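I am attaching a structure below and will ask some questions about it afterwards.
Letters are used for the chains, namely A, B, C, D and E, taken in the order the chains are written, and counting of residues starts over at 1 for each.
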């Protein structure tokens, strides 16, 4: 039965083959790649043409060369940052979705706890980040915590909206089936809220990168944020931009991972969009 | 559905349902006004009345799904304070889950109730076969026609063989012909299994063709204004006009509706 | 009217307004700039590197920045020149709690040192380590935000910080801790400190304006040195969110740096200090040797009658 | 007719009276206020009890006193920050919602432009903020730009999800009415997407504060971020926390403004939630 | 609705609609298979067929709302390449906007078409009155009963007095009695205004009681297998059984359905 219920929420088996979809993505990637190529060419040409000095804006060839030249170094630091992003994001996801449900379900929580969460959310984490160093030191923890804090709220708000959006009448159905709270959550509320939740997760994963980077800015000896600061301290513009590229690639990979997961978990939406 | 289902509930398992002076208001608006009724164990009772008179509301209350403003529901002699669960419900608007295929919508019953999945799947397909939607088992609700959605919802109400059935205009979106067929099938199923049934319909043919008793409601605020015991032999034929008493029952209801001002001819 | 004759000018400080840049505020208060025909706006900065960049891009007319930061930017092709060093040696220090026992650079081995990336302190640490034959890998260096410097030392998350004796040590002593300042200038890194910088083309075109500015500024600094109380009051007046106490304590450190040993007048750094700076930067910080040190600064704008060092 | 169409999207007239609702809010505020009071009391008591030094965590009485003492100063700077937040947030809202619609509607845009937007979003703005100072100086513009950039994506993603969530069949209706693209947008797509859009706006407004603050950190002569930085550089913990309080209050006010607007624009949801 | 509407379209304004060899597939599934039909100016044509046979799909195609796989729709002699707009449609699933009240749902027609609002509002209320839902004008769809939702959708299709009407099981959720009444009202309206009507139904009574011609579709993949011209005088009575020819028509359709295997009796 376990396998079966799994299948009910994750009907991946009925999705089109992975190979087919990968091919689809590659085709889809052609357009943005072309746009990028154009962008980079214009940039390469415009910077010398407009006499923009290198310490203000490097040309793409300069930082792409740096990226190749220092790839081993950059790769190591990228791994560190990716790990922080992943951990913080996962923590936020795992905590905020059930919490969102709880808050929506329990009147008292909505009244008493939610405003406090909102308040603490409204305290700009970036501003208290330096205190994190004093409180928690330099390890992995303060970065993951910061990432977590930045991811937490978007997912929470999105899942709350999602859980609220459910047509209440659907609950007649589960109630008449004698569903437990957990079953209703798992079989009805989560899938129904999923498109909202993913909208939140897509925002979250973007802010996760910011969280990790700021965490590294504030105190670290590894990671892309650290490398970026090193670049800044030597005014090494190509290194700065190489780091930004690496960071963006990490962001894109995570972002696509979330979108892939969305397609996998919500086959009913996928079918809808590509029909006709 | 005319074949006996694999495991048949005894009439003894069925429940009696009683409503006592039920009032339901929405804000200042009274939807159901002081309604009392009883449905005996294994009895088939229909509810008929003009649109908006409170039939669906009353059914939800009887199933323990909507809070009532005053009054109470008594099931097997005990006041009902939670949703009835040994029940299959066909809701008026189907309430299929968009994110599950037709088959998975039906199997939700089995999953939530923790029934063994393989037999449930087999039975679901059996029901789909009978309802003529087996080919669409893997489609999502969006991809189904109106009538197909309704059939899925009927299959979902039957798959776990509950001892109480509540159906809110279950055959509304079916074609007239299938409707007669499925009405016949439901009657046979009921005769075999002795379920307690609350059946909401707009159709005199369905009400008279299926019920032991028909409750007639007035326009909003809904009250029960008549109760008609249908004394026809079972199973009843497709062409009810064959019974002279059919017209007597039908005319009685017609007269009421004319009195409500719902019909002018 | 008189105002119309004044030339508007914008000065960007190295950082937040406080003791280490009080001379400008005091000069303004004394009306020295107005007398020189300048309508001066003072803007706080965000680190010497950023200020130098602002000067280079023409976002501001004059900057106040650490000399090495300005020089590094120049090697990237930015046309910024050091016009008048106000602090002739830097005030950088390796700051630690006394109990940690960091009294010489060698004591750093095996310790954790917090640095703020982007500052001259940080880039010059390599020079200190090299000058004292210390293997860099034996010192654990962590980047932390300056906001966390003091807390991190007091909470013993780090053993030392590369800070300013004018900022961080004061805050620690304020809280009753005993602090050791190991000054850069005492461990072989006496680079030129906070300086007035400007763009090549501007000082060529408006040489007279810049001369007047430098003269007025140095006079202001001289006056501040004489009247620390009033200078502190001038800072407070223009930037109300500091406390007078803190500024006064900063003065104790800052005023000592205004003249390098052997200097004759304010703004005029002895050749040997320039040479030392050049050697340090070329040896340890990849400053290219293709240009002589004289390319990085000019003395042409210094007033002949600059206040004397005692 | 103008008045009439207005009313169709903004049926405020049918909402319960403002006075009634204000009273409702006050009642609702009682709970969180009580929670806060408890929190502050515990804090005040715990800090000395646990011998936490002042430079790590000040007691509430200390920074509340500071708040009172320096209220004029803090208020001035608060206004500056509030202005930056408001401008950036409004810009992002006004641009991202129609853009989200455009992207969802036009295949080519979805293919070619959206990935580029995603990419630029994925470049952590916090990391390039220092470059903003070099490029744009210390004025209002770089702060508003940063705020805009941080708000832009959550709203964009949310509105895209919202515009996609519409049951396509509803478009049969408008098409058969001969509705123009603009009419469909205004009468159907926007209201249908509204709950998603507001979910995005609620996230945005939170990040707007972060954007303004970071913009000020990086280079400013006014604003709460500037004041915070002053506090940090002199380790003036009460000032830091007073600023955080002011910042949070600004955040809360904006956040409530968004929620109020949501209630006003979506009366059908409000009715739904409070019934029974 | 038996009172003449304020501005009545002339039959001359009505459109003729023709479908030529229409095929519609969803993925690999053929929903409509090579269907041709014509509806003359001012003609009332019904489409009847088992559930899932493609009736709704065909209607959407005829209204220019769904792309067809092959074939073409010709309106007044010209190929249709965009949605028909001089039309009122009752969709099978009502398609009310959740975020508008019943009245505002109807007024959407007027707003989008730029009709003057005050007369539109008056007419909407007039229609609501006739349909018996005037008291619910300010409720949101969620707060309406199934039948009330359907009536709102009918009012929306009529408010702008279009020359073409397409109705997909418009009376499905109404009670049998109201249904007969409203059928009669629709017939009178049609006789007065001469609209071109495509009417989808499962009910033999409705098809035969309203139409000039009835098209009968086969089960999926849907084809038109019969076309029956109904030669009965108008207006037709509530009890069609009074005409002997009614039973001839009904039996002809019954026979077809029995042939399809939809009914077994």
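The rule is short, and it goes like this: contacts are C-beta pairs under 8 Å (C-beta built on N, C-alpha and C of every residue); 3 or more make two chains touch, one makes a residue touch a chain.
Quick caveat, the model's predicted, so the values are computed rather than measured.
Asks: What chains do chain B and chain D have as common neighbours?
Replies: The shared contacts of chain B and chain D, listed by label, come to A, E.
Asks: Could you quickly compare C-D and A-B and let me know which has more C-beta contacts?
Replies: Counting C-beta pairs in contact, A-B comes out ahead.
Asks: Which integer distance in Å separates the CA centroid of chain A from that of chain C?
Replies: 41
Asks: Can you check how far apart chain A and chain D are, centre to centre, with Cα atoms defining each centre and the answer in Å?
Replies: Their C-alpha centroids are separated by 19 Å.
Asks: Measuring from the mean C-alpha position of chain A to the mean C-alpha position of chain E, what distance in angstrom results?
Replies: For chain A versus chain E, the centre distance works out to 49 Å.
Asks: With centres defined as the mean C-alpha position, give me the chain C-chain E separation in Å.
Replies: 84
Asks: Residue numbers in chain C touching 2 or more other chains?
Replies: Correct list: 53, 57, 146-147, 151, 155.
Asks: Going through chain A residue by residue, note those that touch at least 2 other chains and give them in order.
Replies: In chain A, 56, 130-131, 134, 217, 232, 272 touch at least two other chains.
Asks: Which chain B residues sit where two or more other chains touch them?
Replies: 26, 93, 143
Asks: Mind listing the chain C positions that touch chain D in their complex?
Replies: So the residues of chain C touching chain D come out as 15-16, 18, 43-46, 50, 53-54, 57, 59-60, 146-147, 150-151, 154-155, 167, 171, 175, 240-243, 246.
Asks: Tell me, which parts of chain E touch chain D in their complex?
Replies: 60, 63-65, 83-85, 87, 89, 91, 93, 95, 97-101, 104, 107-109, 111-114, 116-117, 138, 140, 142
Asks: Would you tell me which residues of chain D are touching chain A in their complex?
Replies: 28-29, 31-32, 34-36, 39, 56, 108, 111-116, 118-119, 121-128, 130, 134-135, 153-154, 157-158, 161, 164-165, 168, 195-196, 198-200, 202-203, 206-207, 209-210, 213-214, 217, 225, 228, 232, 243-244, 247-248, 251-252, 255, 272-273
Asks: Any idea which chain A residues touch chain C in the complex?
Replies: Interface residues on chain A, with respect to chain C: 53-56, 129-134, 137-138, 216-221, 226, 229-230, 232-235, 237.
Asks: So in the complex, which bits of chain B are touching chain E?
Replies: Interface residues on the chain B side: 26, 48-52, 55-56, 92-93, 132-133, 135-136, 143-148, 151, 169, 172-181, 184, 202-205, 220, 238, 254, 257, 262-265.
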